[in-house]
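Read the structure below first, then the notes.
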Amino acid sequence: MGIMRLGFVHIRTNDLEASARHYRDTLGMQLSATVDGRQYFKGWDEFDHHSVVVEDGGVGLVKLGMKCASLDDLEGYERRLGAFGVTTSRISKGQHHAMGEALSVQLPTGQTMELYADMEYVGTEVGTFNPQSIIRDPRGAMVPRLDHMLIAGEDPLHTERMFMGCLDFKCSERLIADVESNDLIATWLFTSGSSHDIALIKGEQGKLHHFAFWMNSWDEILRAGDIFALDDVSVDYGPTRHGITRGLTTYFFDPAGNRNETFAGGYTSYRDRPTIIWTADQLAKGIFYHARELKESFTAVYT
Amino acid sequence: MGIMRLGFVHIRTNDLEASARHYRDTLGMQLSATVDGRQYFKGWDEFDHHSVVVEDGGVGLVKLGMKCASLDDLEGYERRLGAFGVTTSRISKGQHHAMGEALSVQLPTGQTMELYADMEYVGTEVGTFNPQSIIRDPRGAMVPRLDHMLIAGEDPLHTERMFMGCLDFKCSERLIADVESNDLIATWLFTSGSSHDIALIKGEQGKLHHFAFWMNSWDEILRAGDIFALDDVSVDYGPTRHGITRGLTTYFFDPAGNRNETFAGGYTSYRDRPTIIWTADQLAKGIFYHARELKESFTAVYT
Amino acid sequence: MGIMRLGFVHIRTNDLEASARHYRDTLGMQLSATVDGRQYFKGWDEFDHHSVVVEDGGVGLVKLGMKCASLDDLEGYERRLGAFGVTTSRISKGQHHAMGEALSVQLPTGQTMELYADMEYVGTEVGTFNPQSIIRDPRGAMVPRLDHMLIAGEDPLHTERMFMGCLDFKCSERLIADVESNDLIATWLFTSGSSHDIALIKGEQGKLHHFAFWMNSWDEILRAGDIFALDDVSVDYGPTRHGITRGLTTYFFDPAGNRNETFAGGYTSYRDRPTIIWTADQLAKGIFYHARELKESFTAVYT
Amino acid sequence: MGIMRLGFVHIRTNDLEASARHYRDTLGMQLSATVDGRQYFKGWDEFDHHSVVVEDGGVGLVKLGMKCASLDDLEGYERRLGAFGVTTSRISKGQHHAMGEALSVQLPTGQTMELYADMEYVGTEVGTFNPQSIIRDPRGAMVPRLDHMLIAGEDPLHTERMFMGCLDFKCSERLIADVESNDLIATWLFTSGSSHDIALIKGEQGKLHHFAFWMNSWDEILRAGDIFALDDVSVDYGPTRHGITRGLTTYFFDPAGNRNETFAGGYTSYRDRPTIIWTADQLAKGIFYHARELKESFTAVYT
């Protein structure tokens, strides 16, 4: 049945105590485990063992993971990726904490992506038997789950073709230089019903722009911003709306400098939804819909 | 790639003028066409020709439609449904206004369901080239799109098996009499990332409980309720939260007496999300989470 | 400068442990003190010692308090109330815990009201020096402050005249039987900028219908309702909007059976705002704007 | 009974057609009248003839008006302002369109302020007899009413004393250089129950920083921002929360360059509410609570 979602993001920090304070206390994630110096976090509405992994070593992305519905999916993807000319390798069960067998993929944009189907089950914090609808006593911003990420690389077009051709992703929106050239600057790709699970932007090879947590409402985006003020989190931009995806957003940094986002709203991306085209002259409106003005830190900082 | 969503609901009315006022003026849908006495409506964020069809003849459900990603899906479904013992028949292109070829399925619960892959493209009201995020001048409650429906029948368990076994639906939540008997009272099934696309409840064969429109927020649920007061729409219950699906909701009736719902929120249903179990003793909490008290009209009225 | 607001509501309970769980844990108030078997609670954004007092003895209202800007106000009120024919008596400082001198007023509707200007200062929970905007770790529904109350009595018209003529209240809305008779059924009176500080309804002498806590938003009304489900609070009606005052609301009961309300929104009541008139035939719309249908428990239960 | 609220703001524009598009079409105000080249606008929930006046002549503030409860108030204010050393003059009925007698006050900060008690009654757009709660078909951002303004001048301390000593304003919040010097940078003053009706900041004499429209919710702030994108309004900053007043906000400019604000939330300012003190080192947090970073245009542009 294929890839279901962005399963995890694995990043570096220069201060594990600070990252625990950020992801656990400020964002309200659960620290599922600390193993071999790596911290494993999950959101309250996630049932898998982790969606964020943090390890010592500076800043930036170690790798990302996409969860498949079935272990059998890996073989087909391996074959199609090979035919496309992408390097893959097999990871056996037990090699990564709490994860089963995986297929490691070297993205043309330089990042490492793992496809996997099995992760240790922990369960959501509201349960599955006559469950509650909310967490009664929130921890910080209480992000329910990981949602999507944006990565950079020199050839987003080639990588878009890989995601769509080999991995059955669809494209919800595309940013092009202009209608004449049709040069791709960025692309938003989905496999679930969300407006995007991963986005690609032309830029320095192998870099991370941000990864985002789903929020249930514009009010939760507000409350997260209030928590950032209380906990002295560095906020990059927001709250505002994106023109691209229509999502509601605040961007901020974790203590190491990796950019996070709280994200709500956007539309439902059925596979037959027509792809939206943005041209570069409308970029500022596409990114920050209200002010229609870009901020230097937002466009310049990648990790 | 299979069924993507609940594509349309086709219902009866006893007053076409009143239904136009309701679906077009109060709910803010677009009247795509009136052909052979049938009204075809679509929401502002829908691109297909229609999601609601209304025809003269009283009250209740004529049929429902599920849209597939590809015409090739129909053949596989036809075979699997046949093997399951369900009666199907082919509908050729042009037989239904604005629709392509379809597979008509006689549900074990008595309703008629059509699977189709092609519908005339009209486009959303915000466009696909440097689009806007909102409708500037709303018409009434301005529902963006159809979301899901709840139908009744004598054997929901058998029909659940059909949806899951033949049509690749997954189950997000189940209501059972008690843990000992495990007797199924109702089931919530999804194929998209939404908490449910269709739900089944034990009851009178062939009946409709309600169909629901997606709303973007709790504030839009509020504003819709305000519009219902202005337009004198009969409200059944709400606003409130559901325990089941966590959705935010108001139930109301169209002029013929078909129950509608405005629905927002709920979680994202990935295919590996563990199924939630509710027992009948918690039914009131599952339906109306805040008051935890059922209302007779809600449980008694089916059309 | 006169009366500023509804300062406190003093009620009875049959279970002090249960009332502490309700007002402190579920509503999130601070228990300022327990003295002589009386519990004194304040909201997080209130700076005075208490706004809710609970004592043993069943159910219902002991008295209510209105806070004046200055101790000098009492004398003028005493004189005007005496001239109006209302019985008053003086209460000396220290007679009531944490309160200064007061004027006790026997309302024509049968309740006891105290006017006072001094109460022990405790301070809000966010401070007054470079303060925070929110409470980081909420306790339950986290009501910020007391807002208004509704009391019943045989002659609301006479009592309305007393509030307006002797105490400088203004009337924001009035419910009358019909335009011909102009018989007063209920009246909403304000002294602060809120839509009402106290309302009067024709009914059994000396009774309490409800007292309400201010909420900052429709989202906080939702979250309070979710907390009521978690804490098994008896909900009477809501969430919904009122036609009268436009307020957003949920009604619920404390463990003794006294009705509470979470209330948000409504307009700002400047003293020159024209009074709104409702007629009894529109009562259901005035009370519950969306469903326009009254609920028996709501109209029948007074304590 | 004294001053009730900020009644009107009278400003200059360089393009009356553009200002009509802004205040009427984008903000959704009603154009009550155009007389002698002056445009008079009111919000849908305002009952007086106007709250914004626009005349040709560039940019900036002509004057502001504060509405008193009674014409008798003017005499006392005249006397107290005279004793304070402030120049006042009488304006007779009919001198200003739709306004009665007024007292013109030369503020120490250089602006002209008029105190008045009578303005032609137009009525709100929802009526006063069994009224509706909302406007069914919104025009743009649909601002309900004027709320407050911020003006600059060389000696805010002296002007604060005038507002508090002569006009019975109270101070909700003060921004000082530091605790040692206690030098006043800005002050927020209220007479109604709102967090502030007027604020003063140290700066160029006679200048306007912004005037604000009340919005009912964080969602209305969002929708206003979306409308600004659609109508190409220049947005200065937002949406965000203020630390000072806790208000929710977006700043933007009218076509002439006068700064407007959409504002929601904040607390209720009873006259005994303790004054909050902010120190200059926390200024950025006080102004833009989430990002805690000032924007040059926001601090530099006055008109």
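Every chain is named by a letter (A, B, C and D) in the order it is written, and numbering of its residues begins at 1.
One rule holds for everything that comes next: contacts are C-beta pairs under 8 Å (C-beta built on N, C-alpha and C of every residue); 3 or more make two chains touch, one makes a residue touch a chain.
Computed from a prediction, not measured in an experiment: that's the story for all the values here.
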**Fill in**
In contact with subunit A and subunit B alike are the chains C, D
**Asked** Which chain maximises the distance between its CA centroid and that of subunit C?
**Response** A
**Prompt:** How big is the gap, in whole Å, between where the Cα atoms of subunit A centre and where those of subunit D centre?
**Reply:** 42
**Complete:** Cα centre of subunit A to Cα centre of subunit C, whole Å, reads 47
**Message:** So the centre of each chain is just the mean of its C-alpha atoms; given that, what is the distance between subunit C and subunit D in Å?
**Reply:** 30
**Complete:** Residue numbers in subunit A touching two or more further chains are 133, 217-219, 226, 229, 241, 243, 285, 289
**Complete:** Given the complex, residues on subunit C that touch subunit A span 132-134, 136-140, 217, 219, 223, 226-227, 229-230
**Message:** Residue numbers of subunit A touching subunit B in their complex, please.
**Reply:** 1, 4-5, 45, 47, 67, 69, 121, 123, 128-131, 133, 144-145, 168, 192-194, 214, 216-219, 241, 243, 246, 265, 267-268, 270-279, 282, 285-286, 289
**Item:** In the complex, subunit B residues that touch subunit C
**Value:** 218-219, 222, 225-226, 228-229, 235-241, 243, 248, 250, 285, 289-293
